[in-house]
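Below are structures written as C-alpha cells.
In what comes next, chain A is part of two complexes: it sits with chain B in the first one and with chain C in the second one.
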Partner chain A sequence: MKRIAGLNAPARSDMAVLKPFDVAAHSPDGYIFTRWVAALPWWTPFAVFMTMAIWPSIAYAQSNYSTAQAFDALWRWTPFLLKSGFFFNVLISVLAMTIGTVLGAALGLAQISLLRPVRAGSWFVTQLFRNSPWLVLLFIVLLAFPFEIRLFGGVIRIPDWIKGVIGLSLPVMANISEVVRGAVQSVPTAQWEAAESLAFSRRQILWQIILPQCYKRMLPPWMNWYAILTMATPLCSLLGIEELITLSRQAMESEDNHPELLVPFFGFALVLFFAYCYPIARLTMRLERKFAVKS
Partner chain B sequence: MTWTPDQPIVSLKKVHKSFGTLEVLKGVSIDVMKGEVICIIGPSGSGKSTLIRCINALNDIQAGSITVEGQEVHDPDLDMLELRKKVGMVFQQYNLFPHKTALENVMMAPLKVLKQNKAEVEERARALMKKVRLDGKEDSFPGELSGGQQQRVAIARSLAMNPDVMLFDEVTAALDPETVKEVLVTIKDLAAEGMTCILVTHEMGFAREVADHIYFTDRGVIVEHGPPATFFDEASDPRTQEFLGQIL
Partner chain C sequence: MIKAINSMLSGVALAAVAATSVSAECTNDTWNKVMERGKVVIGVKADYKPWGYRDSDGNLVGMEIDMANDVAAKMGVDVELVPVQSSNRMQFLEQGKIDMMIATMSDRADRREIVGIPGPNYYTSGTNVMAPKALGFSKWEDLTGKKVCGKQGAFYNQIVEERYGVEIVAFTGNAEAKQALRDKKCVAWVYDDSSIGSDLSSGNWDDFEMPLSSEDDNPWGLAVPLAEKSCVFGQFMSGLQYNWHREGTLIALEAKWGIKPTAYLAKENARYSDWLAE
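Right, the complex of A and B next:
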C-alpha cells in the first residue's frame, strides 16, 4: 500500500495487491451516548418525571406545602426558566459548537499535515483537551481569562457566559479534530492515488476530492458531539453562569426552598434537555445508518 | 536532454524496487516506443503492478532509472504534476470519485488541474463519454454504474488529460466476465488510434491480439519477451511455458 504522506494510516503492506480497501473509520463507540438516548422511547422522561412527582407527596405528607403548590410555583416560573435559562443553554451550546467546529476542523487538518512539528503539535493539543475533564477546562478558562479587555482606549467586558462558551468549545474542538482526522483517513487511499495520477496537487486532492466525501461521514459524529455538549452546558451552573440549572436553584430559593420543589424543577430541566436532544439523537442514528449503507 | 520521438517514450533501465527487505523488482529493463502497445504478464506477486506504478511515480524505486519522454521520473527535482499530465493511469478498482457524476469525473482534472475553459472541457468530456460508449450515462453517479461502465468512465477520465502514455493496471481483473469485453474493446480502439499503452493483464487472448510486444515477469525479473506471435508459440524458458500452460 502506498503511504499518503501525513496520513498516519498504518501501512499494513506495501504490496499494491494487498492494499486494504478501507482504513478503519472513527470508532463506533463514539456513539454510546447518542445510541442510548435514541433507543429510549419518547415518553421515558415523562414517566420518570411523573413517578418522581408522586413520590414527594408520600414522603413529605406531614409538610403543609403540597405537590400542587410546588407545580403551581413551577408553572409561574416556567416562562422565566425558558427565556432566561434554557435559552442560554441552547445559545451556549450553539456558540461553543460553532467555535469548536471551526477550531477543531483546523486542528484536525493540522493533524494530517506534511510538516512533522505541525502534526505532532496538533496531535498533542487534541489529546490534551480530549482527555481533560470538561469542568476543569471550564474553571481554567473562567479564572484565567480577564473579565474585561482594554482595546483602543475602550473597555470590553467579557461576561461569564462567554467564558463558559470558550471553556466548553475546547473539548468540542479536540473531539471534532479527531472526527475530521478519522473521516479523512476513512477515505480509501486509492482515491488519493487516482487523484495523484490525474496530476492533482495534494491540496487539491484534500479539498476537492477527499473532504467532499467526508462531510456525510462527519455529520453523525458531529451531531453526537453536539448532543453531548448540550447535556454538558449545566456544568456552567457550577461557575455561577446564568442558565437553566442556576436559575432553577434561584427560583426555588425565592419559593422558600421547600424540598417538594426539587423534583418538579429539576425534573422539568430533565424533560427540557431530553426534548431538545432526543430528536437530534434519533436523526443522528438515522443518518448514521443511511450513510453506512450507502458508502 | 531533449526527447525526440525516435527514442523510447518510456524507458526502464535496471529498475530495483523493494518494500523493506522484500525485493520486488530485481533489475527490470523495458523500452517502449511511441504508439506501441506493451503487455506485461506473469504470475501473481511477480511485481507487475509495482512495475507499472513506478512509471508514474506512485511507487518510488531504489536503484536504476525510469524516463518518460527523456525525463527522469525519480529525480527529486522532477515536477511530479508535469509527469502525471503526460501519463494516464487506470486502476483495477476503477477508483472513480463517488461524489461526482460520470461526466464530472471526466471533467474534473482538466478543469482544476489544467484550468481549461469549462465549455471546451465539457464538449470534450461528452465526446469521450461517447467514445467509451457511455453516452446517456453522463449524469449517473459511479455507484449507479456497473463495474465495466465505471471502468470505461475511468478510462475517459484519464484520456481527458490528453496523456501521451496510458497505464492499465489489471483493469479487467475486478470485472464480471460479461463486462470484460466492453472494456477491452475500448482499450483496443485506443491502441488502434496510436495511443502508447502499457498494460498489466491476465487476458492472454487480448494480449495476443493487441500487443506489439509482450513481457513475461516472474519473481521480479523479466524472464522473456517478444512480439506475441513468437512469444506465445515459441516461448523457450520453462517458467514461461509453465505459466502459459496453466493459463491457456
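Right, the complex of A and C next:
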C-alpha cells in the first residue's frame, strides 16, 4: 500500500497547518444526551445504588429507623411500584411516541410542501411546540381537556394518564417533524432531479425514492427522542398523574415519611429508568454509527 | 376544540347561575347522577397517613376511606375512590370529576365560596412546629426571620409567614421537608399538630420537640358541589356527620387508625349525645 505522510505514515514535518474551523464538529449535536448515557459503563446504576445503600448508614445516625428497614419497605412496595407505576411510565411513553410519530411525520412532510401556506403553517406549529416547555404543554392539556366526553348518549371517561400522553405527544410531534424534514432534505437534490427526468410524479418520488432512503437516517434520532421522552414522563407526577414518582411519594407517606426512605425510593426510580433507557441509548449510538453518512 | 371551550364556558355560566340561586331551587344533578349510575365517586387523599394512604398492595386505606365507604353504604350505592391532591381537589369537585370529597380539607371561608361544605365538621387540627430541642423555641415569635420548612398547599404557610415574619421553604413531600429539617436547612417544620405528635411518639425524633402552643385550630370539612350544599346531597351529608358524632363513629375510627384522641371529637360527641340514652 502506498504510504501517505500524515495519513497512514507519520507526518514528515511538525509544522502547524491551519485548517478551516469546522463548526459542526465543535457544536453539540442532537445526540449529546444519548451519547453521554451510552458512554456510561453498564454497571453505573448498580454502583450508584450500592453507594446510596451504604452512604446513609453513615450520614443519618440520628434515628432508630435504619437503612435496612428502608430497603425492606422498598422491597415490599416494589411489585406495586412496577405494576402501577413504572408500567404507566412505559405505557405513556410508548403511546405518546406513537401519536407523536404519526402526527410528526405528517407535519414534517407538510413542511416540505410546495404550497406556501401549508409550509408556513406547519413550520409555525412545529416551532411552537418544539420551543414550548414540556411541563407547560402538559398543564394546558390537563386543564383544558374535559375529563369525560359524551358521545351518542354514552359517557367516555378520559383518565388523567391519557391526558399525559396527549400532552407529551405534542413536543414529540414537533421534534419528529423536524427529524422528518431534515432527513428528506438530507437526500441530495440530484435524486429529485434524476427522478423527475424519469417522469416520476412528486408523490412517487417522495414515497418510492426519497423516503425509503430516509428511514435509516431517521431511526437513530427517533430513538434518541424516545429515550428523552421516557425520561420526561416523571413530569406527569407534578400534575398528579399516577406514575412511578407519584406512587413512590405515596409509598413513602405510607411508610411514615422517614427521610431515610428518600434515597432508596428515588434511587430505585433512577435504576429503573436507567435500565430501560440505557440499552436504547447504546443501540441508538450503534445505529447512528452504522447509518452515518460517510463524508 | 371550540365546541369544548363553548361547553366549558356555558358550564361556568351555569355554575354561576346555580350559585346565585342556591336556595331558590334544587336540581340535585349530582345526587341524581349518583343514584342513577349506582356509584358515588369520592375524592380522598393518597398521601396523608393515617387519613388516606395506600397499603403496599396499592389499595387506598385510612380513616377518611372508612368514612367514604360508610357514605356509599348509607346511600346504598357502590363507591369509587379517586386520589386527589390539596392543589386539585376543589377543581375536581367543581368539574364534576368527583361527586364529593373527604380529603383532609380545612374548612375556610374562601373555600366555601368554591365548594359546598356541609356542617358539622368531622375533625379539627391546629398548626404547630417540630423543632430541635437544642434550639429551645418557646413562642412563635422566636421563629421571626428564620427559615421554616413547610408542605406545599397548606393554608397556614401564608398565615404563619404574615403573622410571625418567618420564611417558609415549602416542599412537595413531607419526607423531603423532614430531611431538610435534619439537614438544618430550616429551624423548624410547620405542620398539623396531630401529625407532628405521632412523629414524635414514634421514637425516631428524640432530639426534636413540639414546643409551641397550637394555633389556628381549624375544623376540617368534607365537600359536595356548591350548588347542592343546601339540597339533598348537602343535607344528607350534614345528617350523616351529625350521626357520626352522636354515635361515636368518628371516635371509634380515630382509635382504629391510631390517631391521638382529640378533645374536639369528645366534645362534639357529648354535645350531640342522645338525651334519652343511659
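Simple rule for what comes next: the second predicted complex is superposed on the first by the 264 of 295 C-alpha atoms of A that agree within 3 Å, B and C clash if a C-alpha of one lies under 4 Å from a C-alpha of the other, contacts with A are read in each partner's own complex, and residues count from 1 in each chain.
The working rule: a contact is a pair of C-beta atoms (placed from the backbone, for glycine too) under 8 Å apart; a residue touches a chain by one contact, two chains touch by 3 or more.
Just so we're clear, the structure is a prediction, and the values are computed from it rather than from any experiment.
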Partner chain in contact with A:194 - chain B first, chain C second, else both or neither: first
A:212 touches, of chain B and chain C: first, second, both or neither? first
Partner chain in contact with A:240 - chain B first, chain C second, else both or neither: second
Which of chain B and chain C A:151 touches, first, second, both or neither: neither
Residues of chain A at both interfaces, chain B in one complex, chain C in the other: none
Contact footprint of chain A on chain B as seen in their complex: 19-20, 24, 44-45, 49-50, 53, 56, 58-59, 80-82, 84-85, 87-89, 91, 93, 95-99, 108-109, 112-113, 143, 154, 157-158, 161, 169
Chain A residues within the chain B interface of the complex: 2, 13-17, 21, 188, 190-191, 193-201, 204, 208-209, 212-213, 294-295
Chain C to chain A touching residues, read off their complex: 4, 7-8, 46-49, 53-58, 83-85, 87-88, 95-97, 172-176, 178-179, 182, 199, 202-205, 207
Partner chain C, residues of chain A touching it in the complex: 60, 62-65, 76-77, 80, 83-84, 144-148, 240, 242, 247, 249-254, 256-259, 261-262
